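There are two complexes below, and they share chain A, which is joined by chain B in the first and by chain C in the second.
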Partner chain A sequence: MLNFRLTGRGLWIAFLIIPPLAVMVTFVAYPIVSALAYAFYDWNGLQRGEFVWFENFRIVLFQEPFAEWTRRAFMHNVIVFFSLMVVQNGFGFILAYALWREPFGAAFHRVAVFLPVVLSTVIIGFLWKLFFHPIFGVVNQSLRAVGLDDLAQPWLGQSETALGALIFVNAWAWVGFPTLVFLAGLQRIPPELLDAARMETDNEWILIRKIVWPLIAPSATIVFILLFIGSFNWFELPYIMVGLDGSPFGSTDVLGLYFYRTAFGNQSAGVQDFGQGSALAVLIFAFIAVVAAFWTVRLRRREIQI
Partner chain B sequence: MQRKLILSALAAAVAAPAVIAATAPTFAQEISFWSWRQEDREQYEEIIARFEAQNPGVEVAFEAFEASQYATILSTALAADNAPDSMMVRAYGAFEAVANGGYLMPLDEDKVPALADFPQSAVDAVTLRSDGVTYAVPFASQTMLVMYNKAIFDDLGIDEPQTWDDLIAAAETITEAGMFAFANGTATAWQNETLTFSLGASTMGQDFIADMRAGEADFTDERFIEALEKVNEIKPYLPDGYQGLDYPSAQQLFVSGLAAMFAGGSFEIANFRSQNPDLEIGLFAAPGADEGDTPLVATFFDGGYAGSATTEHEEAVLKWLNFLATQEFGQMFANSLGNITPIPGVTFEDPLLQEVADLNANSIPYVMLTDFRYQEPSGSVLIQSEVQKMMAGEATPEEVGQAVTEGIATYHEPFQD
Partner chain C sequence: MARLSLTGIRKNFKQVQVLHGVDLQINDREFVVFVGPSGCGKSTLLRLIAGLDPITAGTLHMDGRLMNDVAPHQRGIAMVFQSYALYPHMDVRENMAFGVTIMGLPAAEIAARIDEAARMLQLTELLDRKPRELSGGQRQRVAIARALVRKPQLFLLDEPLSNLDAALRSEVRLEIARLHKQIGGTMIYVTHDQIEAMTLADRIVVMNKGRIEQVGTPRELFETPANTFVAAFIGSPRMALLPVRRQDDGVTLGGGDPVALADLPQGAPQDITIGLRPDAVDIAVGEAGPGFAARAVYTEYLGDDAFTYARLEDGTLAALRTDPNAHIDDGAPLRLRPKPGHVHYFDADNGHRLA
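Then we have the complex of A and B:
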């Protein structure tokens, strides 16, 4: 049998650990567990009804029109993830590579690229909503000014362009983050390694592929996984720019918005259903946790140490 | 020193209620009254003073909460047996969420006799469908209509349209004069519902609503489709890029005089006036095809005043609720709060409000809210996104009617055939 003795050191450790543990349990573990529990009940407003097993999950996954809304929102998250992977992370890598080569004014560019990341999402959302304003927005006004009147459109109001516009804004705002992480990875590569490689080849592309990219794999792991989590939790930017309904007619609806309006109700349109909302939250959480865990393990495996 | 201060402050805080209790007359009953109208505190205090003067021995304590948080705060308090004695409750689906729990005091015509004279639609808004019991005294109604800028209409020599063709002709004239005829945009989802009913009510007609409620018609009915076609016709008269124009931007276009008309709710009036006090607003109900037909508006009720089922001061609460159903209160509500009350016989100092009240005499219900916002997919969710689609040119009126009917049919039996 284990024998616990209260030593001074043990007390001290307990004293330090209990407060943060209490905070974690109260504000992280408890809500997650209770959301899980909520998902199995029927709800009448804020009043908990009967235990209904997997009924809420069945409804959001298999009963029309909810199933279609869930699929649609999920597909949009997938689109967001892959587009941002290419645009935000791809462009982030190119920027990082360029900054790593120390171009003229590198210090200025480093700050400029990272600056939007510091801005609050609310500011970014409102700012770009104004930029995209169909009548007074700078985007359309600039297009008209250079004679491209045909390209001036209600960017956020059309089903073909709305999601793309949101993805663009997201990439504009957060491209600085992957850039910074990649840049830090690049700067950690020992110069002698690169010098040695340069003796073998002049081809920059081979250099990137064979030497640089494998060596910054840990940076890529972080950036990829964070982007994955961010894409499937995407909420603030669409909420601010297109509203809870994923306007127009659901073409920008993502899981975050769908979950929120299901659980808390959309005052100007619908009723709230805590059970179905919790079921969605649990599904989103499980999906992100499982995929992110497996992917992290896989990505870690290909990382190499020098 | 500081400690002493805190201690004495504490002592004062503890003693204060005792002092108040000691000075108040011993028979006084204090009842609490919860509201989501923080901005109306002053007016409500006046109303309460009037009530207290007439009912010595009853004191009403007004407490207001942030409107967007009110539903959560109230339902939490009710569920925790912490209910206020009297409270404002929302109408329709949101009302049922509260009333279903059995938290509200049932009101009948014995308890609140004045309810008998209220319009049926008002009483229905705060009556539970499952047991047919009324649980509140209804207050403000809102009206879907067309507001216009009088100066622009006068300059261009346009009269209030008597037929739908007049309305289109007026829109044409305004557009030719280089302005936007309508300020409305469709980017904010719920604006599509207000647009549909403020412009289409007359074309739908009261018969359609009656047939639909009787289970003899659904939203594929030609009267409803025709109304959607009318709404669809105004696309050329909306601002450039209206699909991307959100609600605040649309309001600004109207307030700044860049657009001549705004199809929407009567709740806009106060806001328009505060943003531009010089703006002279006129109102009309969007007409139907024929001149002879009385144009209709679409109306709904905001909510009602309810008592708690578990209050210890039932008598006092009933006195208060009865006061809130009197014409005297209605008059104050109309003139100091600037709202349209369903209390019969109230006259309005504000001519614009009087006009809204007059228009209300010929109305249809704002039906997606009044009848189909109890379950998901709600009629509102459906009509909002489908009309948004139609206005973007990606759905026909028939397709909209079909999709809305199918969505509601998932839980509404009369539509299932």
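Then we have the complex of A and C:
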């Protein structure tokens, strides 16, 4: 039986929990619930109209051209997720594995790898926008300096390279995070366990695949799930580097940008539709919540206690 | 199966030398125990033999083959770790199969070896369990079985019993002794517990501060310790070491009366250390009489035995085996007369045994 009594301890707990809970309810729970409600109404600017059932959802999912834009943005998020999974988490693991071996200057390298993570996304976005400048940017200047003039391109200015460039910048900025989480996981492996494995093989690949990787499964779960959530919520970096339209020609449009544009309008078009925007927000939230929950359960199952 | 020869083995960790030149021969099928206090280098020496750490200087030969630069898994060695070091994500069977599968043995052979090892260590029922579902004793048996299936030339055991409770410890100790008889491999066993060393070893290697103090059978170490360190380390309760000064054909301790010692070695230096085990003296209660003056501090009654701890004139606390039926009051004055042939003599300067 639960027994609620107002003891000194209970008061303390209430005192510590109520303020953050209030903030969460006001700024997280309430907006989510109200967005859910807004999605079922017709909107005229900020004026709420009639209750229209699933009309907004139908429009963003099945009515052209909105459905086409939704599909395109979603596909871009999928590309971003899988690319970052390989580049960001892959490199994160490799870097963590290297740092774990305590190479010369390990302390310096640890800081260097993690440093961009603490930089503000705004700074990173503007910095790399400058780096990618077609003429003065450090990227193209470097390429030309080593004679690779053909490779010097307007990275952010053409459809074929813009999304890739954004993914690269994101990986550069965030690779320190999976590195840190993997490194913490690696350092938790008892040394005797690795000694035992080394008594049986010196094949690095077998050691990683059969011993190390299964033992850092908890780290992998965290890193995978957070990357999934981050990839489908991707907004700040594209917003800063390619603008609300996902330029050029929507080649970098992602769900975050599309939602924002729909709900709040943009400078050029000026139209906004709160209902459709809310419907998009609800869809994004539901997709992330369902997949992340399902995947977390799956990943948790293969974790073991060391 | 494996003869081991260590010559001039040194080990440095950065600037610090932890092994200062170890020479040791280990015979085929021998059960050798490295024993010593924490930090004496016994585990380091074991890791060098395993190949887990590189040897700084000196040579390690197995059956005449130089092993210094051979990878651990190619040395034909299996090791059992203090923390068991079982792979937590594999069940017992997979733990045992991991190494031999990598070796490339055929599946039927692997299955047969696992069955055999499981039977020897009563693990057959547990083969499908994960390590976290096993008790400490069972985990240790799995670790030993995992070593067995490799059919190694040499077994290394690094304090395998220290994580077990006392009752289990003697049980697994017997198990290990039985296994050694049954499979007959060469075994090196590291412990800081001299009882484990005495009960298991064919030969004991006593180590201290990165050096070998003495190598010998348990009986040799007990009866003729080479120096004061070994004398104090082997035997329980420990030997009392008394700094005495020669006088005529006897010795004096502190400011006490001279005590005659019939077997005092000829040509012994002026200052010597004598070692007295708990039953090396005849005890008389009273202020006067022959022997070292002492005062009883307290008595431990153990049923068949009793040990009285007595403070001598120089402050040394000596453990004495006493009659459990006799009662000695705490604080009672005693006279301790050394029995001839039971006294160990050491040079006071360097601690070496005299004659």
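Here, the second predicted complex is superposed on the first by the 287 of 306 C-alpha atoms of A that agree within 3 Å, B and C clash if a C-alpha of one lies under 4 Å from a C-alpha of the other, contacts with A are read in each partner's own complex, and residues count from 1 in each chain.
Just so it is clear, a contact is a pair of C-beta atoms (placed from the backbone, for glycine too) under 8 Å apart; a residue touches a chain by one contact, two chains touch by 3 or more.
The shown structure was predicted, so the numbers you read here are calculated from the model rather than taken from an experiment.
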Chain A as common anchor, with chain B and chain C clashing or fitting: fit
Partner chain in contact with A:N266 - chain B first, chain C second, else both or neither: first
Where the C-alpha centre of chain A sits as vertex, the angle toward chain B and chain C in the overlay (nearest 10 degrees): 160
Touched partner set for A:G243, first chain B, second chain C, both or neither: first
Dominant contact partner of chain A by residue count, chain C or chain B: B
Partner chain in contact with A:T7 - chain B first, chain C second, else both or neither: neither
Touched partner set for A:K210, first chain B, second chain C, both or neither: second
Which of chain B and chain C A:S120 touches, first, second, both or neither: neither
Contacts of A:G157 with chain B and chain C, given as first, second, both or neither: first
Partner chain(s) touched by A:L193 [first = chain B, second = chain C, both, neither]: second
Per-pair minimum CA distance [chain C against chain B, superposed on A] in Å: 51
Contact footprint of chain C on chain A as seen in their complex: 190, 192-193, 195-203, 206, 210-211, 214-215, 217, 304-306
In the complex, chain A residues that touch chain B: 44-47, 64-66, 129, 132-135, 140, 152-159, 242-245, 247-250, 262, 265-273
Contact footprint of chain A on chain C as seen in their complex: 47, 50, 52, 71-73, 77-79, 81-83, 85-89, 98-99, 102, 130, 132, 150
In the complex, chain B residues that touch chain A: 68, 71-72, 75-76, 79, 93-94, 97-98, 100-101, 185-190, 193, 239-246, 249, 373-378, 380-381, 384-386, 388-389, 392, 394, 407, 410
